[in-house]
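Presented sequentially are two complexes of chain A, the first with chain B as partner and the second with chain C.
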Partner chain A sequence: MKRWVWSLFILALLSALPLVVETQFYLHIFILTFLYASFANSWNLIGGYAGQLSLGHAAFFGIGAYACAIGSVKFGISPFIGLAIGVIIAVLVSAAIGYPCFRLRGPFYTLSTIAFAEVVRLLTLYWRDLTEGAVGILIPFKPGVANLIFSGKVPYYYIGLAMMALSTFLCYHVERSRFGYYLVAVREDEDAAEACGIRSARYKLYAAMISAAIAAVCGVFYVQYMLFIDPEGVFNLNVSIQAALMTIIGGAGTWLGPVVGAALLIPLGEFLRGWLGGAARGLHMAFYGIVLIVVVMVIPQGIVVTVKNLLKTKATRKVEEERR
Partner chain B sequence: MISYTFIQVLISGVLLGGIYALISIGLTLIFGVIKVINFAHGEFLMLAMYFAYWMWHYWGVDPYASVIVLAALLFLIGAATQRGIIQPLLRSPASMQIFATVGLSVTLQNVALFLWKADYRTIQTAYQASKITIGELAIGYPRLVAFVGATAMTIIIFWFLKNTFTGRAIRAIAQDRMAAMLVGVNQKRMYMLAFGLGSACVGVAGGLLMPIYYVFPTVGTYFSLTAFVVVVLGGMGDIRGAWIGGIIIGLVEAISGFYVPALKEAVYFAIFILILLFRPSGILGLGRGFEEVAQE
Partner chain C sequence: MRIRLMSCLAICAMVVSLGFVGADSLAEAAETVKIGAIYPLSGNLARLGEESYRGAELARIERNAQGGVWGKQVEYVVADAPDTNAARSEAERLITRSNMKLLLGTYSSSLAYVATEVAERNRVPFFEFGAISDPITERGFKYTFRTCAPASGFGTIAVRVIAELAAPKMGMTPKDIKLAIVYEDSLYGTTCAKYAKAEAERVGMPVVANEPYSAKTNDLSPVILKLKAANPDAVIHTAYIADAILFSRQAKELDFDVKAYVGQGGGHSMLDWAKAIGDVSGFLNVDFPQFKINKAYTPGLDEFIKLYEDTYKEPPHSGHSLVNYFGAKVMFDAMEKAGSLDADKIREAAISLDVPEGQTCTGWGVKFDPKTGQNVRALPYGLMWTKDQEQVTIYPPEAAVAEIIVPMPTWRERGQ
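This part shows the complex of A and B:
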């Protein structure tokens, strides 16, 4: 009950925010945060709950983005249909990668996704007729709901907020569903899970497919917001790593973790980039890398769980003191 | 009749495969012993290549002469990584170990980008363009040296693991961590040694590659991707398999590069998925971690 009140309160607060904040740069940071929080939520489903690390989530993100961009620019298809096509392709592809890997133990899924993302990047560079190669696709600016393009940042803000809220709600729901418990059981001990009658390969595959669908939706949002897409921007390994990084920092396998991670890292990254400037190219990614190592070594459960434990011990201490 | 061009392609494939084999053996050795995939393996190669470049740039050291120094340097880096990052995480889930090495990879790549910029750097040597001709076939001298050097390093590693006491201890701890520790194998030291040896492989590879390739901060990504395919092809943790896999991938690259140059990597990936589908334990069937979980 309390959790609901808090969530609605924060949601209402965020909804009211554009009425007060008018600086475009701040709105931009909020929109990016919503986008990456949704993307991290998608990663969390397979990487957090199911414990199958994907290092190629950029591929699904990029497939969604490219399907939508190619559809609207080359074939004049509505972005809504482009979205559907992107999601379908991403889901099919993730099933095709997941199927051979989830039957096996060991880090095969991680290796496959990392290799797959690289292959998609190279194919996008290769099929120039369709994708414009390294030049990228520029989407003509024609505002309108039918084109899913808006002239201000505020509509994007609300769509992004809705996307984040929905995907977070989905994760929250999964965490408390039978499906979610199956995934966690498989992550913790595959043999035990199998012994209980859970078809581990099948549920991992489901998780991967749902995750890919959300990632593709995020990709569509990205391209409709940026109105530009190129292989380096969406298929870069760094994109995949950021999704994983935010989830880990916030807390993998918790519904709040990815949102907390994105809310911390995106503003920090943007300010660092602005502050360091072009002279320090690469330095802010290096910072991310160091943060990743430190988090894994010091607070592997992520911020959410760590803070919860701290609060719990405090509360427990209080109770214990009162008892005395 | 098979044309000379085709034989030429095959030869260059095998020569290239030698280098792939060496890089992959390092990766598979680390995985076989410590059960950790070092995602920073490619970045270690990048460091080795930069070290070779700077030694040539400032002191005029020939990259072949710097191979020993590079091997020693990378051995230290590898051992330090094991001691500082992997050892404290040994009891954590595998995902945490993966993330730690991914973090290391991102850090190294971007620090290199910051320090040395994105420029492609090459070195010039007197023997760079020289070749050995047999009839109509021509074999580039640096490529031949790279192949011979890589094979020599491979043989040394084999011999070390097979015939020395320490090598046996490493193999023992790879087979069964608990049992080996019970009979007195020093786990910390063996892990550091194995990680160091695996990294020394890319040290050697870096020196051998420098006269034929160029170095830039993300050079490791390309080679590590190839190494992943090779390692899975050979069977995870199987050193002999990795050597054979390296040669096969070298051949595949040369042949597909000849016919469909732009789709080389797509061919790799197709092979990768096919192996996972039909023979996840690798060519020799000695890979680890391939146990099938469930039949759907």
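This part shows the complex of A and C:
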């Protein structure tokens, strides 16, 4: 119950924020944080709960983005339909990768996702007529709800916030559902899970498909916000790694982890670059790296789990003290 | 555990304190004119990004020594944009948080796409000094101005060098010359190749091969073997540095010779490429103005080189610094004329600038097309590498200091 109150309180606080914050740059950072938190949420489903390390989530992200961009620029389709098409393609593709891979043990899923993201990148470069290749697609700036393009940042802010809230709620729900327990069981010991009657391959596949759908939605949001898309920007291995990184730093396999991870890393990266980018070449990246190394060394289970454990030990101590 | 935690805290404190040092240094100096500068200063674009930034910085130093703009000193607020996401964030930050009323940059075309878009939406004039992709100035933006030559100029000049200089010397007409176009498949290569092809079609030069490849590849022999099979007389190659070196090395191994080989700037303009190949005499290139050029056509060039050497204690790495220097000077002139940083006044002043060719340090004139913001008096130059690993200007004739050597020496003639 308490958790609900807190969540609603934070949500209300975030909703009220654009009324106070006027500097567009800060809103921009919030929007990026919402976007990457949602993207990390999608990664968390398959990488966190099910324990299947995907390093090709950029592919699903990019498929959503490209489906929407190509649809609206080349065929004049509404971005909402583009969104639907992108989600369907991403889900089908993730099923196609997952179906064979989840039957195997070992690093096959991870390797397939990396390879697949690279294949999609090369295809977008190759299908020049459709994707404009490396030139990228510029979305003409025509604001309007029908085009899902807004001239100000506030609509993007609320859409991003809603996206993050919904995907986090989904993760929260999954964590407490039978489905979620299956996934965790598969992650911890696949043989034991199978012995209990869990069809591990099937549930991993479901998780991968839901995850791909969310990633595609994030991709659509990205392209509607940036109004420019090129293969280097969306299919880069760094995009995939970022999703995994934020989840792991925040706490993989916890519903709050990706949000905490994104809320830490996105502003950190942006501010470090702002402060140090002009002063010393590449120093901001070095510091970003140091922070990552330190976090992983000191709290390898992620922020959320560590904080939870700390609170727990405090509570037990208190109980013990009271007993005395 | 405690020691670990302490060290972690210490590092975090260090990060934060260093951050504030950076922030403080930006806050001081009140009576200056501040301009936001966006360049890729880290990541894989950093090499030429830094060189570009140096050019703009030298123009600033020089201008300040001469009294600045409106009698005030000019200051850059520098932002690092290694990729498009960062370019967007940094443009947002400079405009909405640091309150910049004027931006400059960026060297890379995809960065320019994103940064100019943010600037246009906030009604902030953006002066692009180095990015060459044509669509940057084809979107009908009111406040984007490009001082340098666009990519279409590169492909066009490459074909003209072959058609107007190489062909007559070999007793051929453009129609006899079989042309192969090779390019790395990102924005830069794709655009150059497109315009080279268009110009070749215009002059009736047959294109026998059109080969894209990824600049990240570590084997170009399939591409070279395909070219060998097509047996072209001339090659136009658009490449970054690593793939330019790789292509030349493998072409040497596979004995792929042509009568004329024209680079498109990028890797073929880098001394590192020449050093890796050794004897580069006769290799042609198209690029922004280089330093071996008819000095009567480029007054002020020697002063720039001296300023560069005095400031950075080394000779310029490439012409990127020069064009950014030129661009910044044009921008300062527009500012001076505008009298304030008001977007519409800057636009008016920029459009009213009128300098003919052959009177600036790059030889370029200044005349912005009011519809696009493109400087229509800037076209790249035809260049040729010499035995001493220097690039001499061969085209256009008014700026030339050497004559083209065709057919160029074969790999065998070059020996080791």
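To be clear about the criterion, the second predicted complex is superposed on the first by the 303 of 324 C-alpha atoms of A that agree within 3 Å, B and C clash if a C-alpha of one lies under 4 Å from a C-alpha of the other, contacts with A are read in each partner's own complex, and residues count from 1 in each chain.
Rule of thumb we're sticking to: contacts are C-beta pairs under 8 Å (C-beta built on N, C-alpha and C of every residue); 3 or more make two chains touch, one makes a residue touch a chain.
No experiment lies behind these values; they were computed from the predicted model shown.
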Which of chain B and chain C A:H28 touches, first, second, both or neither: second
Partner chain in contact with A:A243 - chain B first, chain C second, else both or neither: neither
Chain B versus chain C as contact partner of A:L227, first or second or both or neither: second
Partner chain in contact with A:I210 - chain B first, chain C second, else both or neither: neither
Contacts of A:M297 with chain B and chain C, given as first, second, both or neither: both
Touched partner set for A:G282, first chain B, second chain C, both or neither: both
Partner chain in contact with A:A134 - chain B first, chain C second, else both or neither: second
Contacts of A:R103 with chain B and chain C, given as first, second, both or neither: first
First, second, both or neither for A:L53, with chain B first and chain C second: first
Doubly contacted residues of chain A, that is, touched by chain B and again by chain C: 122, 281-282, 285, 290-291, 297
In the complex, chain A residues that touch chain B: 47, 51, 53, 55, 96-97, 100-108, 110-112, 114-116, 118-119, 122-123, 126, 190, 194, 199-202, 237-238, 241, 244, 248, 252, 280-283, 285-286, 288-293, 296-297, 300
Residue ranges of chain B touching chain A (in the complex, touch as defined): 37, 39, 85, 88-89, 92-96, 98-100, 102-114, 117-118, 217, 221, 225, 228-229, 232, 236, 262-263, 265-266, 268-269, 272-273, 276-277, 280, 288-296
Parts of chain C lying in touch with chain A, wherever the complex brings them together: 4-5, 7-8, 11-12, 15, 18-20, 22-23, 25, 37, 41-43, 46, 50, 77-81, 83-86, 88-90, 92-93, 95-97, 110, 113-114, 117, 121-122, 133, 135, 139, 185-187, 189-191, 214
Chain A to chain C touching residues, read off their complex: 23-26, 28-29, 32, 122, 125, 128, 133-136, 138, 141, 151, 226-228, 230, 232-233, 236, 270-279, 281-282, 284-285, 287, 290-291, 294, 297-298
